[in-house]
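Structures for review follow.
Okay, so chain A shows up in both of these, paired with chain B first and chain C after.
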Partner chain A sequence: MKVRGSNVALGLYVALIFTFVFAPIVFSLVFSFNSQRFPTIPLGEFSTEWYVKIFNDEDVWKAVRNSVIVSTSTAVLATVLGFCTAYTDFRYNFRFKGPYLALILLPPTIPLIIMALAMLAWLSRIGMSGQLWSIILAHSVLTAPFAMAIIRLRLHQMDPDLEAAAWNLGGTEWQAMRHVIVPFCAPAIVSALCLTAAVSFDEFAVAWFVSGLNKTVPIVILEIVQGNIDPTVNAIGTFVFLTSMTLVILAQLIFISRQIKSHS
Partner chain B sequence: MTAPLVTFQNVQKWFGDFVAVRDMTLDIHEGEFLAIMGSSGCGKTTTLRMLAGLETPTAGEIRIGGRLMNDVKPHDRDTPLVWQSLALFPYLTARENVEFGLKMRGVSPNERKTRALDWLDRMQISEFAERNVATLSGGQKQRVALARSLVMEPQMLLLDEPLSALDANLVIRMQGVLIQLQKELGITFVYVTHSQSEAFAMADRVVIMSQGDIAQIGAPKDIYRAPANRFVAEFVGRNNILSGKVTDIGAKGVEISAQQGTFVAANPNRPLSAGQSVSFTVSADLVSLSTEEPKTKNKAQATLISEEFIGSIVTVFLEGAAGQDYKVQMQERALAALDLVPGRDVWLSWDIENANILESDL
Partner chain C sequence: MKAQRKIDVYALTWRLPIILWQLLFFVGPVVFMIVISFFVVKNYRMTEAFEFVNWERMLTRGYFWDSYWYTLFIASLSATIAMIVAFPASWALAFRASETQRRWAVFLLIIPFFTSYLVRTFSWYVILAESGVLNAILGYVGLGPFKMLNTHFGTIIGYLTLTLPLAVILQTITMANIDKTLIEAARNLGCKPLATIWRVVLPLSKTGFIVAALFCFILAFGDFVAPFYLGGSQEPTLPILILDTTKSGQQWPRAAVVAIMMMATLFTIAFTAIVLAYRKPKGTNA
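Then we have the complex of A and B:
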């Protein structure tokens, strides 16, 4: 009976956490389909009015286009960077490897606002701020450590003899990379792509500072909120949430399923 | 005699301050089954990895077929290796694993497939060709690993403790497979192992290594019967080792005065002089036990300490007067007929030709 009691308590605790995490999102989702202008209960009728409104808003479309370009470019750049760093760590031993790894993992620990200011100062000093690719550069720096961590985890599961076996069977270093290292890391590479894309798609602070006139989706959301409270913000919020959640869940599914497969 | 396939000329390999291979000079002949044996850290795997180009010698020369190989990259060599970990590609099927080397060499997909399937068939695992290697058993993986190397039709196959992960019955089976393959293909096998039984069962010649040096090279029987030095005598089989000074050199043998008595050993292949310190060995299975004092020259008195019983053969441990340990191996029924009692003195004896003087005391 005692065990059962504590199980119930733990269950409640978990339910409470999920409630706090997801309730705002669920509310946003519900009100995005609500016909009334202000989020009050009782609800009005079911309506897709706000979706139609953002659908017809050219600014939103521009922002979505910018965000898609930024997040896909960032994902590719950050994953390539992350893969190279993880492979360096796997393959080579050198002096100062500890500090090298620590430096690489540093960016996510810096407060975003500081990072954003520093990025702006640096990029404008070298005349590279205010462009779409300024955001891509800044986001790549920010997300590459995540990509590296995921790929590094996968490389650690690899028998170090595999690469040498490929050389031994007549493969050059590039062939071994293409036919052994990359296929082995494929699930980690795909999850790194999804995760870095999701982080970049959601990121506001750095994008706001370095973007100039190239607004991404989170910046447009802020502008809507600043201008007039209007349920379009719920509609666009739901869209952003679903996009990032899909990417993150995809990343998890791909990585975990391969994990289970390779251990069975 | 034809030129050797592989020559090591004063090869050294250092890892920082650690010497893995000190000064190796060794010839490997075409078509021979050579085993390199030693305990872990003796340099045997480093030697093999240098042959495959995975390590570069610090000094000295390695030639294969006369060509200097020191700086030749692994992929430019014809030295496939069967890894201790097998190193099969886990995301590929058995057939794709076997095809891998051919693919790297640019062989066409059709020919790759035919050759891979031929080898899987030859290794009697064709039914698993399309299975992911991760789902195969240890023995099946072993055969895939062999097929993956042999499909390259190499001049020489390198094997790094390939049987160490298998259970005892499977090891004997795979030994048979390896001997058969080596005979049929007529190529050189270089086999690294820490297992004396594997090395002696399969190899034409055995190289025994100790701390980066070659301790002895020879046919298994020669090494077993005539170890060159104390290290080999202790590492291989069960040997009794006695030391003393040469007192007389005659046609029949060398007379040696030791603490335990005066013995006569077979004449070695090197000149000795009176007064020189030497050691000699007698294999445990070449010593006789008796309760009566024997009439031969080579005898010693000792007390029974313990017995080690493994089936029909028994090893008897005894202690002599001067604290010397003796080992005697004999048939269980012969020992039973002697009716030994612990603590009672018995006589050991052996023939002159079975007393082997060591080349050095190392």
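Then we have the complex of A and C:
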């Protein structure tokens, strides 16, 4: 009896935590269809006014285009870098492997505002700041560790003898890479592409510092938020949520589904 | 026999590009930031120099140290709150939930961790406002309105938005990996529930918990959005100081000083935490 009572209490507590975590996302969605300028309860009327407004906004479209370019390029670059590191870690032991891994894994532990300042100063110095690809360069460094982690986890499930078997059957290292390692890692690679794209799509601090006049979607949001309360943020925000949530969910599902398959 | 020192093109193909890339776009920026902290700004232009004027300027100012201690305080406080608030939920997910439920919970919590923090903060802004959703709800039961924006409370809500999902995920995974028979043994030997948590569960999950708390601290310490939008930046945190100094004054060298102080602090704390996390408890041979 006692355990059941405490289970109910704990269950409610978990529900409360999830409410806290998801409330901002749900409210943003609800408010984006709400007619009030300053949304509160009771809600105003259903309205698509804010969506119409952003749909007709040239700047928003430009930002969306920029964001798509940045996040897809970042995803490809970060996943290639992540794959190389994951494979090197899986296959080789060498001196200075610790520092080598630290070199790629450290960036996410440094606060973004610091990376933003450092990137801005350095990229300006070498004449690479203020461009759309400045964001891509910076984001590739920030997101590669996530790609590395996902692909490394996948390689961890691989029998190292598989690669050796391919060599014994007369394949070169390159052929083994192409026909054994890459196919085995394929789900993790797709998963890494989705996750790094999502992180890049959402990142605003570094992007804001190094982008110059090339705004991405989060930068547009940041600028709107700095002015007055403007409900169009909820409409853009909902679009951002849907995009990055879809990417993160895909990243997880693709990774998990393959794991289950290879275990059964 | 010594292995032949032939250049292994295959191995280097996978190893070298990242080294170069990270040297150019990670080590380069960080080192250069240290270098520019010795540069001087003349007529709004940064000029090469080796002077300590920025260091002197920042470190002798009261507002820098006010900001420093405030950031340290509020980030530690929010990390502590995140760890405490997350604990009952993580406990439930680790010990009461089924394997499937736990997987789903972690799956769901990963989503907001990677989903626009900026928009979520703005959403809190609307929820917490004077005439916002929360005050409207409280109004129905005859409470409030409370001032929640532009307070420490607002800042901490923002930090928790960032850190709570991570705290729950890391705590849950840590506790789910504890050998359940140890807990049963403690209970069978007459250990009370709270004492079991204190004397069995927490010591066994020390490493995971310290790492979780460290991550919560790092995220809060480096965030400028929550203190800026929800805390009203009346007491600027170090990230806000960096932002202001860089964006409005073109004073990159002084911003670099603040950033270096932050990094030094973070490394000291991270190093201490990791030493503590992996230190063997006294009186065990394991």
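The rule is short, and it goes like this: the second predicted complex is superposed on the first by the 263 of 264 C-alpha atoms of A that agree within 3 Å, B and C clash if a C-alpha of one lies under 4 Å from a C-alpha of the other, contacts with A are read in each partner's own complex, and residues count from 1 in each chain.
Heads up, the rule we're going with is that a contact is a pair of C-beta atoms (placed from the backbone, for glycine too) under 8 Å apart; a residue touches a chain by one contact, two chains touch by 3 or more.
In this text, all values refer to a predicted model and were calculated from it rather than measured experimentally.
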Q: Please indicate which partner A:P183 is in contact with in the superposed arrangement: first for chain B, second for chain C, both, or neither.
A: first
Q. If you stack the two complexes on chain A, which partner ends up touching A:V8: first (chain B), second (chain C), both, or neither?
A. neither
Q | Contacts of A:Q175 with chain B and chain C, given as first, second, both or neither | A | first
Q) Thinking of the overlay built on chain A, is A:D159 touched by chain B (first), by chain C (second), by both, or by neither? A) first
Q) Counting only touches as set out at the top, which of chain B and chain C does A:W122 meet: first, second, both, neither? A) second
Q.
Per the contact definition in the header, classify A:W167: touching chain B only (first), chain C only (second), both, or neither.
A. first
Q.
For A:L222, using the defined touch cut-off, is the partner it touches chain B, chain C, both, or neither? Pick first, second, both or neither.
A. second
Q.
Between chain B and chain C, which one contacts more residues of chain A in the superposed model?
A. C
Q: Jot down the residues of chain A that show up as touching in both complexes, chain B in one and chain C in the other.
A: none
(Q) Quick check: in the complex, which residue numbers of chain C touch chain A? (A) 10-11, 13-15, 17-19, 21-23, 25-30, 32-33, 36, 85-86, 88-89, 91-93, 96, 105, 107-112, 114-127, 129, 131-133, 136-137, 160-161, 164-165, 168, 218, 221-224, 229, 239, 242-243, 246, 252, 255-256, 259, 262-263, 266, 270
(Q) For the complex, give me every residue of chain A touching chain C. (A) 7, 10-11, 13-14, 17-18, 20-25, 27-28, 31, 38-42, 81, 84-85, 87-88, 91-92, 100, 103-104, 106-107, 109-115, 117-123, 125-126, 137-138, 140-141, 144, 173-174, 195, 198-199, 202, 204-205, 209, 218, 221-222, 225, 229, 233-234, 236-237, 240-241, 244-245, 248-249, 252, 256
Q) In the complex of these two chains, what residues of chain B are touching chain A? A) 52-54, 73-75, 79-81, 83, 85, 87, 89-91, 100-101, 103-105, 134, 148-149, 152
(Q) List the residues on chain A that touch chain B in their complex, please. (A) 159, 161-162, 164-172, 175, 179-180, 183-184, 262, 264
